[in-house]
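So the structure is just underneath, and the comments pick up after that.
Chain lettering (A, B and C) follows the sequence in which the chains are written, and residue indices restart at 1 in each chain.
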Amino acid sequence: MLEIKGLSKSFGGIHAVSNCSFGLKDYVITGLIGPNGSGKTTLFNLITGSIPPDKGEIYFKGNRIDGLLPYKVAQHGIIRTFQLTRIFPKMTVLENMLLAPLHQTGEILWSLWVKRRRIRDEEKAYREKALGLIETVGLSHLKDQFAENLSYGQQKLLELGRAFMADPKMILLDEPTAGINPSLIRKIMELILKMKESGKVFFIIEHNMGVIIELCDWVFVLDNGEKIAEGKPKEIQNDPRVIEAYWGV
Amino acid sequence: MDFLFQSILNGILAGCIYALFAMGLTLIYGVLNFVNFAHGELIMWGAYFLYFLMGKPFGFPLPIALIPALLLTILLGIGMDRFVFKPLRTANRLTLLIAALGLSFLLRNGAQFLWGAELRTYGFEIKRGLRILGISITLNQVAIILTSIVCIVFVYLLFHRTRLGKSMRAVSDNLELARVMGIDSKHAIQFAWVIASVLAGVGGILLALDTNLQPGMGLINLVKAFAATLLGGVGNIWGALLGGIVIGLAENLGVLVISPGYKDAIAFGIMVLMLLIRPSALLGRQE
Amino acid sequence: MDLFLHLCVMIIIYIIFAMSLNLEVGYTGLFNFGHVAFFGISAYTSALLSLQQVPFELSLLIALAMAGLWGFLLSIPSLRLRGDYFGIVTLGFGEIIRMVFQNEVWFTKGPMGLPGIPKPILFSYRFATLSQYLLLTLGFAALTFLILRIILRSPFGRVLRAIREDEVAAEALGKNVFFFRIKSFVIGSLFAGLAGTLWGHYTTFISPGDFTLLETILVLLIVVLGGKGTEWGPVLGAFVLIFFQESLRFLRLPAEWTRYLAPLQQMIFGGLLIVLMIFRPEGLLKEKGRGSNAGN
């Protein structure tokens, strides 16, 4: 589904990502690990178009997407979450969700006058779906609250739910379990597994090895911007190169 | 040909003044990370403070009145920060800028209230200039260039040779890191306001010497100062210097081809041009 | 009675002006500090056309188109910029447009202004008297309010607010932020133009001095005082501020006082902006957590 070939990006003299090549398969949860500063988030940013690569190509479902603007990448079906959650603070939980679907007729200015019925129907359908997802992530009681009033953990759930709402082909999760308590971690893992069943592909950056081992079918390891290993989680755990990267031994 | 050289001289002259404006503006931007919309009024009030001290009932001659005028300008600059910008340090950007705009409007009308909207001058007669190499340059203009150079050298020394200057650069680079490293950001910020006020005040006085004073002079000079900082790279004090000179030259050479009524619009035009050509430093995803 | 009607007309014109700015600043989070430019461009366009006996329906449309066009032209190079920069560019634009009005004497008669702007004849009905004009402006204001309400309560409006809240997140959800901002700015410019046209035909005499920073500050103050990002905020703000401004004008004070009164009043506006931003940036009407209105 996702193909990365020879991707490189430098900032000043620092090689954030060096000649990386990856392939992500369908129906698989893939993990991305590596010590701090190894280039994981930069890689995500390159995929989603937040920053353009210096060299290399990125293909998604056969289409070339490197260098596209973020909104275009999203429209291809790649949705991401952020390390520090980005929800819309002065908008309600429900509204946050309703923003997610792509290509809404009601977002086109002219349609507001000529396609009123279609918009109304779409809104109704979106609203139902949103309420359902809000229920799934367990935020029903907060649906009319401004998102800024939610706790950090609740915001993470909202961001996740919003990503699901966009009906993406691939979801990039940037440290989905960072900074939250164990029971919430469990809940998020369950949600991810559930979504996997409906065919969504995940690419997850994580520091929590337990989460990686339980969730991921395949793992890539970055160190200093280079891919140093890939394989099943259990294999990676015992790979000497990985151990050296993390512990410097 | 003489005409061309004269324009170039005038351009450099104006450019020095704009450089002072731009350096002050970019200094505050560097340290506090916002464009001070009231910077033009700091310039304007600097000029008016001198006017005030030179007029009744004081009647001080320029050299005597200069220092107090600058001190008053510093007071105004620090006051701006203390009463308007400091309370809004953590507010969102729009709120801060609206407040700055309101401040600018308040100060502009304050000057109009006190001195009226008419054009005023410091009252020095226009003396014949010296003719050097076919171009004319008055004593006033020599003073302007010299003063600007002094200020610029002063800023350089301050920034690169003093501890406070180094703190300012650190704070400008990374406020959080500077704080963590124990660099006194509060004093660095105050010091930045002092320098910016002096630069603005001197620039305003020089401008008023070369042209005139009126309460509305702040706005257009803010735009010019900003265009200059944009040219030189926002936050880069030496870039601001260069940008100022470029704007000054562009204005004075520009009026050779376009109507003088739009002289002030040239800076704006340059700004828009820069935005169209789009150096990526200006755009891109922000936080 | 005449004073009362005059007050109403001014308030309503400024309600339209403020609603247009509210769309840009309050809902989309654009730092537009040059809104008066579009007010003026439309006023001059409509005045010039009407003075050439162009029927009002046509001159209005062209005036609106001009305002929208210039909004579009201004936003293309500058809307990708970060807030402060966009603020300065719009501020500069406002000044430049005023310069154009002043300098292009062959076109705009410069500082002498354009007198004798005819009262509008819309669909064969002449809106000449005060009460007739009030009806006209009321009609347009209601139309503006309804149109903007439809836009703001729609998914389109939702995206605008999302852009205001977090444009990075909005972009990550597939919204072309730049495109939405342009649309918002053009619509805002259009309605600012409507207000300008109505104003020009009301006062029947316009000059460059009518389109200065003061008007921008005033409309900005109206928007933030009333409560930016709310539907009724601009209405409330306009009532309060225009009432204040116009009543001072009619106090019939000695002429020498005006020299001091005008800057004093404007100092109050500036000071009010500062105080508002420090103590109550949301303004009078707060944006409500959109309770049961969500999705409607």
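Note that a residue touches a chain if its C-beta (ideal position, glycine included) is under 8 Å from a C-beta of that chain, and two chains touch if they have at least 3 such contacts.
On a predicted model such as this, the values are computed, not experimentally measured, just so you know.
Contacts with chain A and chain B are shared by C. Taking the mean Cα position of each chain as its centre, A sits at the greatest distance from chain B. Distance from the chain A centre to the chain B centre is 46 Å, each centre being the mean of its Cα atoms.
One inter-chain figure worth recording: chain B and chain C are separated by 31 Å, centre to centre, where each centre is the mean of the chain's CA atoms. Averaged Cα coordinates give chain A a centre that lies 41 Å from the centre of chain C. Among the residues of chain C, those touching two or more other chains are numbered 168. Multi-chain contact residues of chain B (touching two or more other chains) are listed as 285.
Shown for chain A are the residues in touch with two or more other chains, namely 50, 70. Residues of chain A that touch chain C in their complex: 48, 50, 69-71, 74-75, 79-80, 82, 86-92, 94-95, 98-100, 102-109, 112, 119, 123, 126-127, 143-146, 149, 162, 166.
Chain B meets chain C in the complex at residues 34-35, 37, 84, 87-88, 91-99, 101-110, 112-113, 116, 215, 219-220, 222-223, 226, 230, 259, 261-262, 264-265, 268, 271-272, 275-276, 282-283, 285-286. Chain C meets chain A in the complex at residues 150-151, 154-156, 158-159, 161-162, 165-166, 168-177, 183, 229, 287, 289-292, 294-295.
On chain C, the positions that touch chain B within their shared complex are 25, 29, 31, 33, 77-78, 80-85, 87-89, 91-93, 95-96, 99, 102-103, 168, 213-214, 217, 220-221, 224, 259-260, 262-264, 266-267, 269-274, 277-278, 281.
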